[in-house]
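In what comes next, subunit A is part of two complexes: it sits with subunit B in the first one and with subunit C in the second one.
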Partner chain A sequence: MLEFSFWDILSNLLLAARWTVLLSVIAFVAGGLAGLLVLMARVAPVPPLQRLAKLYIELFQGTPLLMQLFIVFFALPLVGIETSPWTAAALALTLFTSAYLAEIWRGCVEAVPKGQWEASASLAMGFSEQMRWVVLPQALRIAVPPTVGFSVQVVKGTAVTSIIGFVEITKAGTMITNATFQPFLVYGLVGLLYFALCYPLSLSAKALERKLNVAR
Partner chain B sequence: MSLVKLSGIRKSFGSVEVLKGVDMTVREGEVVAMIGRSGSGKSTLLRSVNGLERIDAGVIEVDGECVDPGQIDLRALRLKVGMVFQQFNLFPHLSAGENVMLALKVVKRMGKADTRAAAEQALARVGLGHKFDAYPSQLSGGQQQRVAIARSLAMQPKVLLCDEITSALDPELVNEVLSVVRKLAEEGMTLILVTHEMRFAREVCDQLVFMHGGRIIEQGPPVALFDRPSTPELAQFVGMVEAR
Partner chain C sequence: MAYRFDFTSLWDYAPVLVHGVATTVGLTVAGTVLGVGIGIAGAAARNSASRPLRLAVGAYVELIRNTPFLVQLFFIFFGLPSLGIRMPEWAAAVLAMVVNLGAYSTEIIRAGIDATPKGQVEAGASLGMTGPQIFRYIILGPAMGKIWPALSSQIVIVMLGSSVCSQIAAEELSFAANFIQSRNFRPFEVYFAATALYLALAVLTRWILARLGDRLFLKGAARA
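Our next item is the complex of A and B:
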């Protein structure tokens, strides 16, 4: 039987961690862009758009990420769209992230005083001009800490993609455990790797919060 | 010639009717103060002139631009009507100059040099030409309110609405704002003010409008209204104010 050294285990997990990081980055960036669109729809003065965005947000907040992943992975092929674990994982996490970010940012937009909307409206600005030049720049300051904080959820969320066979840290951990029969060591390392990814994000969220609080 | 014409304005908040059919005209160059107790509907009426309060019935006409309750696009109206608020509402992330320039740039799409020149001129008009690069948080309340006035003026509105613009100021800062308003009045700007500064109203305004219970119940030249109120409500209001 093959022997696995500690270094073998760790190096394989680290290689798999690349995919966790890449998937997180894709989900966060694409989810952020999509989330911005959902946010605009959510706060636009157009009631049907608001309702649609609200439904979207509640749908993704009200169902487990795992179910969303299954639906994307198993349902899309039924309608003739072939998905690899990669695309299914990226798509499901993007949708999930966009819904949460839109809701976080909506809170930030609503924290901007009503007088800012009224003053810009009085200057004949339309909704998109108000958002672009007056409201979003102010909401952004408030939004940075919770947004960075949420990125931790995205990183941890990538773990469920192991279920559909996407090889990131968790899946790699399972595979290595099956070969080495050392679950405690392997999953311990997996946990540490997640912590190493997430803890700096949490710390920077806290630091940003302090910094932005001082600035205003 | 009438510049602003309000006819049959009605507005309810839930089951409370705050404007019960208000008619009012303001001629070009006229300075009109709306007075009355809080809850009389004067602020709501003022805010309906530029569409910040959606009216339930009636027509608002400003310089040929008509708005009725069904109107969605208020841009044309708001280009003719400037507004200054009690809480200044400057954009805190922009400097004084940028506050003034923003709408010139994104609404009027003026060129860079023109925008800058117009903003400098507007700030100079309120005596703050030297504060172009200062941020709102670095300015006193009175200075912030003057920047807000400059921001509205730069858009070259036909009429300027002032909603209790000195009420949030410390007493020693009230006069610098009022003297700017007085200067605008002398220059022929059409102004509609909601104010509690009765002495100012008396000295500067051409017309006084007394609102009570969602209606205009008296209007006319300030001296006549203050000295010979013809309704008990106004008599009581004047007595109350002068007793202060």
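Our next item is the complex of A and C:
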């Protein structure tokens, strides 16, 4: 029978970690861009648009990521799009991320004092000018720590994509466990790898928060 | 050929869905009660005089908050039996939820405790109250009231997160959905229905927790 050394297990998990990282980056970047659009709709002075964005956010925050993944995975073929675990995972995580980031950023935009809106309006700025030149630059400062903090949720969210067969750290762990029968060791290592990815992000979110509070 | 949606075949499986919803609710209630209990104990421990205890609780909180729930669940259900600790699926699911919510609520409740004005603690001490008495009668109530909305959101997140417990065959709602779609071959309709049920559960949970919060803490807040 084939023997697996500790190094075999670890190296295979590390190889799979590439896909966790790549999927996290794609979801975070694409989700950030989409989140910006949702944010605009959420705070624009157009009530129907606001309601639509609110519904979008509620839907994603009120349902499990696993169900979102399944729906994307099984819905795309219905509209004729050939889907793979890769595309389904990337799309579902992007949508999930956009909803959460839009809600986080809405809080930051609302934290900008009302006088700033009024002052810029009195300078005859339109909504997009107000956002671009007055509100967003100020909201951005407050938004950095919680945004970095949320990236931890994105990395952890990628673990759920193992269930639709995307091979990242968790799926690799399951496959290695099935071959080695050492679940304690393998899942322990899997947990530590996630910790190694997430803890620096958590720490930097905390450090940024402290730095910004001191500056104010 | 265009796909024809057919939700009618779901009716035959309604009892399966009901069983799934009931299990999800059961897991959530057990996980919440025990998890928040651990959170209160953890928050108290983080404020204790003992440095090793503070460090141990801090390590627990960071370890759990920086690893995925699914991996925690797998570690408990597949990993712990190597140490001779075996449990049924539902118990592993509850334990994972308790451990997970315990860590988050420790952090949330600690924030509430930190917001307690120092003068109140000193006032309690000057009345001859002991440390545990001060914690129980002065600090805890207002602290829980302050962080109740944050704690409620976390409870909803844990309820939604319990969907991955289907992966260890705990028979909750997403397990029911997997089961049905393997029988009627209509995955989209099944998962759509399950998602709608989760959404309803999330709205209901938020509503119940808000009412409960009013009941438990509004009186105290009005007095303060």
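To be clear about the criterion, the second predicted complex is superposed on the first by the 216 of 216 C-alpha atoms of A that agree within 3 Å, B and C clash if a C-alpha of one lies under 4 Å from a C-alpha of the other, contacts with A are read in each partner's own complex, and residues count from 1 in each chain.
Keep this in mind: a contact is a pair of C-beta atoms (placed from the backbone, for glycine too) under 8 Å apart; a residue touches a chain by one contact, two chains touch by 3 or more.
Model, not experiment: these values are computed from the prediction.
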Worksheet item: Is this a clash or a fit when subunit B and subunit C both end up on subunit A?
Response: fit
Worksheet item: Regarding the shared-chain residue A:L59, is it in contact with subunit B (first), subunit C (second), both, or neither?
Response: second
Worksheet item: On subunit A, which partner's contacts cover more residues, subunit B's or subunit C's?
Response: C
Worksheet entry | First (subunit B), second (subunit C), both or neither touched by A:L10 | neither
Discussion item. Just checking: does A:L22 make contact with subunit B only, subunit C only, both, or neither of them? Give me first, second, both or neither.
Written reply: neither
Discussion item. According to the stated criteria, A:T174 is in contact with first (subunit B), second (subunit C), both, or neither; which is it?
Written reply: second
Discussion item. Under the stated touch criterion, which partner chain does A:E118 make contact with: subunit B (first), subunit C (second), both, or neither?
Written reply: first
Worksheet item: Angle subunit B-subunit A-subunit C between C-alpha centres, in steps of 10 degrees?
Response: 100
Worksheet item: Where does A:S202 make contact in the superposed view: on subunit B (first), on subunit C (second), on both, or on neither?
Response: second
Worksheet item: Measuring by CA atoms in the overlay, how small does the subunit B-subunit C distance get, in Å?
Response: 27
Worksheet entry | Interface residues of subunit A shared between complexes with subunit B and subunit C | none
Practice prompt. Using the touch definition up top, name the residues of subunit C that touch subunit A in the complex.
Written response: 3, 62-63, 65-72, 74-75, 78-83, 156, 160-161, 163-164, 166-167, 174, 177, 187-188, 191-192, 194-195, 198-199, 202-203
Practice prompt. Write out the stretch or stretches of subunit A touching subunit C in their complex.
Written response: 59, 61-68, 70-71, 74-75, 78, 152, 156-160, 162-163, 170, 173-174, 177, 182-184, 186-188, 190-191, 194-195, 198-199, 202
Fill in: Residues on subunit B engaged by subunit A in the complex (per definition of touch)
50-52, 74-75, 78-79, 81-83, 85, 87, 89-93, 102-103, 106-107, 148, 151-152, 155
Practice prompt. Going by the contact rule at the top, pick out the subunit A residues touching subunit B in the complex.
Written response: 113, 115-116, 118-126, 129, 132-134, 137-138, 141, 216
